[in-house]
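Take a look at the structure set out below.
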Amino acid sequence: MLPRWASLAVLPAANLLVALLISAGIVRLIGESPWAALKLMLAGSVGTPDGIGYMLYYATNYVFTGLAVAVAYHAGLFNIGAEGQAYVGGLGVGLVALWLGNHSPWLVLPLACVAGAVFGAAWAFIPAWLQARRGSHIVITTIMFNFIASALMTYLLVNLLIKPDQQSPETREFGANAFMPPATAWLGRWGKGFATTPLNFAFILAVVASVGVWFFLWRTRWGYALRVAGENPRAAVYAGIAPDRVIIGAMLISGALAGSLGLNELLGAQHRILLDFPAGAGFVGIAVCLMGRNHPVGIFLAALLFGALAQGGSQLSFDMPKVNRDMVVVIQGLVILLCGALDQVFARPLAWILGRGRERPGN
Amino acid sequence: MPPALELRGIDRRFGTVHANRAVNFAVARGSVHGLVGENGAGKSTLMNIAYGIHQPDAGTILVGGRPVVLTEPQAAIEAGIGMVHQHFRLVENFTVLENVILGAEGGTRLATGLAAARRTVDELAREYGLDVPLDLPVGELAVGVQQRVEILKALFRGAEILILDEPTAVLTPQETDALFRMLRRLREQGSAIILVTHKLREIMAVTDRVTVMRQGAVVANLSTSGTSPRELAEKMVGRPVLLDLAKAPAAPREPLLSVRNLEVLDARGVVRVRDLSFDVRAGEIVGIAGVSGNGQSELLEAIAGMRTPRRGTITLGKREVAASGLDARARRRLGLAHVPEDRLRSGVVGTYSAEDNRILGYQDRRPFQRAGILVRRAIRAACERTMVEHDVRPPLPQLRITMFSGGNQQKLVLAREIEADPAVLVVGQPTRGVDIGAIEFIHRRLIALRDAGKAVLVVSVELEEILALSDRILVMHAGGIVGELAPSDATEEKLGLLMAGLQPGGGE
Amino acid sequence: METYTSIVLLVAATVRLATPLLLAALGAMFSERAGVIDLGIEGKMLGAAFASAAVAAVSGSAWLGLLAGIAASTALALVIGFTCITHRGNQVVAGMAITIMVSGLAPTLGLAWFDLGGQTPQLEAPGQRFLGITWPWEHVARAHPVPGLIYAEVLSGQNIIVYLAALLVPVAAWVLFRTRFGLRVRAVGENPDAVDTAGISVVWLRYRAVLVSGVLCGAAGSYLSTAASSGFIRDMTAGKGYLALAALIFGKWRPWPTFGACLLFAFSDALASRLQGVPLPVVGVVPVQFILALPYILTVLLLAGFVGKASPPRAIGVPYEKE
């Protein structure tokens, strides 16, 4: 048993360190200097206002998907479908923006928020219902729903939503009133440095969502019920908490959070619906959630880190011909492996170092 | 002739727990040797060492007089030791024969091994009177037959020393009788049998010698014919057993909990409670006695709202709650409180602090929440008060619940349920896994609750507990109530016969 | 006649598309039957696809490529084993992590070694790829299209991995149901306690099952880059690993039904590319995306119990803790 501070801070840090060391080894293997790569990435992400803007913009996506994974996780569910839920949620966001893009932002933006949440939640509802009522394993069904979402969106974009007289499957641009206010609009003087970045108001929404998720999980009785059902389903039944209702409720919230990714990506940056716009953010959400120890504060910090990696990674490819953004995906995979599946390997020696190691009787 | 199995000076620690202290234990060929002790006395650790699952820190193991080192079960099997675990180690979708040969297939190709095994197993079955259908999937067999498969597995591997860990916990009395006949047969054939149990009746019925363990050490090694259940009980507990608890006679009034014609199925669809009816009145404690596995768990869950009965009604006060499908929360609102028999599995959330467990089931009550928002200060204050009033130690609301001893956990759970001021309290195994000091405390609380005019239902497999607490005793067997006794004319003998499904003073 | 030809060609395409699914699904069958969820299929296949194409390009030998693919996939399987068996880590997380990591690692190494934007060089020289093996009298059969075309297009002309995969179905069925290893694998996925008390090492048994999956997923991945196409391209598995997993579930973790599911899923894949914009009788034009999504939809329906019932090995996903 580790003390709280160690399991919340030291353990993820140790995991990250090992992931970075392995990645450094790979960079070394392909003949580049890991040290130089790290410096380039830092300079490219937190070194300039531009880099910071991009970092926060990426982080916004990861906060939404990371929170989505976390809410499900606390209910004992592993939601691998954040990618698909974000994709379908973006459809809701985009449809509102396409149809009402010329109305007042006070109408279209709140409606787009609702639509994203509703569409994302709806896409999560089916696997949730199947798990709650038919016992279908939610890991497998959410994976399947990622592919179904991808097929559905391709169909809609190629056949129905595509801008006329155009080759690439994407919609026309939204009306300007449906754009999420860019950083310059709400940061005033501070926002000037971010003028060329896609950082937008969705970042604030992500912060609000983090606080909201924390408050919901630890300060409301519904959050309490959700966590009890996730920790110990029998105790939940004992306490009069219906596990199947928790499964469905948690997945609806999870899907709604994932579906909000479109607010940042579509309304804030792309200003149209295009193929595969979540670009793996749903899977990064898993890494973010695991590394953030399923807690909104940790998730926010982990999202910043992955935002920095994403931004630093794309900078890297300019200066290092042999390394590109794919290297960041490797780090993501390693972090998921180390934080999510091999964490106990680190917990034991750490507990030993802290003098907390204790064996338990086996009967 | 040396003993079939001898354990000399076995010592084993798990961290701070000294599970076995210099234990000496020997079992002779052609005998049944009982090993008794309370939960946590070190019986399981000792047997796991004998079967190579754990290694001793010190001490030697001798089989037939020769020292052996058992680093894994495989080594124990080769030394001729077989073990039948309390929870069977069977692959349910395999046939009996496939289960028997698992690990002793005799070659790469299954067909050859199966054919050879069939002959051997047939012989063994005939020799020992083990009637088992070899080609049925094990999952379709009755529990008693599954246990026979476990014994066959051991015999097939040439086991001459057989360890049975709490073998009767899941058996009906008839199955228990059949098992004992089988054990006597094995003894005649020269096997050495170790029977681990805490049921003294069984020790008296089938063993030749008995070893008593307490707190990791052997406290007695006796010939069964020269001892009595009372002597064994005192040695197990370490002090004279108190059968009487000072309490005033009950003054029961109107029924607060009524069960009528209840029928409940378990998760596998087997009828576990059939056509059961009884009342619990205000101001009385009703005790339900019975061998575990006779439907008590399902009955408790049905009353508490954790399991939907197939038929029948449950009435709390004036309100029918079963047929109308009210869940546990709604029943709590109607004044039902429930201390579950498997505390760690359903009564608490192991990873939560004491204070978070303090509100389990009451998370929607004031002052713990207002408008859906938890009031942390009120929760902590309530937990602190509970801990002081019910002597829960250490009184630290933020400590993780699993860091408390079993007795303190149980006191907290009981306190949580009592403080909701219920009209009806249902308690399963009130003192299971509870240290002796806490037992008396818990019993006094239950009696105080009765004296305050509440209806209390206690389900326990401990006869002494039932006798000490109850104002009326119901005996459950095979899912029904087979007798009702007043504590004044209830004796262990009478209860024992009823629990075995027999009528005292008459035939079947 | 034209319909006949196109049906035969469709069947031939189905066989080719089913091969990687079948190899991976049969491998995963051993892993999952032993109680270890195999979500890493996708990653193992992708890693193998890259390794085999890279080695084939450099060495000029498809066989060396195949070996390299199997080695890469097996190494990844060992990582999964180390994580999930030795350290009892979360199996779903481990599989996802491996898949994500490889999807970054393969193009990273590809870029560094070949400087082709993450791809491997085109495998053009003879011997770098597994090519179709033409059976005797193939042109005689072509002269009599009914039924000769079936011989010429479906039986003849496939590459060696296709034939091996077909042979693997009875072999896998035999191993799983007729041998000691198979018995133990099935037992450890249902009740590892039973295996442990029988004196068999749960850890080593599960490792072996996971390694079988590593080898077969390696063959499946190699097939993609050195037989079905000529070289590795980024994300070339494109969900085939998950499709294989779906086929395994659809086949209820049994070899022959899994074989059937692989054929069904491959058929819908083959059909999709031929039905692009072609109107069908009664239903009209079926969107190709719908046909592509069909295997996933079918699997969900199966898991929901709407078309039969798939009950997984009982101990799947549960790390084994010795008492």
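The letters A, B and C name the chains in turn, as written, and every chain counts its residues from 1.
Just so it is clear, contacts are C-beta pairs under 8 Å (C-beta built on N, C-alpha and C of every residue); 3 or more make two chains touch, one makes a residue touch a chain.
None of these values were measured; they are calculated from a predicted model.
J.: Shared touching chains for subunit A and subunit C?
T.: B
J.: Hey, which pair has more contacts between C-betas, A-B or B-C?
T.: A-B
J.: Could you put a whole-Å number on the gap between the CA centroids of subunit A and subunit C?
T.: The computed centroid separation for subunit A versus subunit C comes out at 30 Å.
J.: Counting in whole Å, what is the centre-to-centre distance of subunit B and subunit C, each centre being its mean C-alpha position?
T.: 48
J.: Give the residues of subunit C touching no fewer than two other chains, as numbers and ranges.
T.: 322-323
J.: Could you say which residues in subunit B touch two or more other chains, in rising order?
T.: Residues 48, 53.
J.: What are the residue numbers in subunit A that touch two or more other chains?
T.: Residues 362-363 of subunit A touch two or more partner chains.
J.: Which bits of subunit A are touching subunit C when the two form their complex?
T.: 26, 30-31, 78, 80, 126-127, 130, 134-137, 139-141, 143-145, 147-148, 151-152, 154-155, 158-159, 283, 286-287, 290, 321-324, 326-334, 336-337, 340-345, 362-363
J.: Quick check: in the complex, which residue numbers of subunit B touch subunit C?
T.: Counting only subunit B, the residues touching subunit C are 48, 53, 72-74, 77, 83, 85, 87, 89-94, 98-99, 101-105, 107-111, 113, 153.
J.: Inside the complex, what are the residues of subunit A that reach subunit B?
T.: 218-222, 224-225, 228, 231-232, 234-235, 237-242, 358-363
J.: Can you tell me which positions in subunit C touch subunit A when the two form their complex?
T.: Residues of subunit C touching subunit A: 37, 39, 79, 83-84, 87-94, 96-105, 107-109, 111-113, 115, 118, 239, 242, 245-246, 249, 287, 289-290, 292-293, 296-297, 299-300, 303-305, 312, 322-323.
J.: Across the complex, what residues on subunit B touch subunit A?
T.: Listed in rising order, the residues of subunit B that touch subunit A are 14-17, 19, 44-45, 48, 53-54, 304-306, 327-332, 338, 340, 342, 345-352, 356, 359-361, 363-364, 368-369, 372-374, 376.
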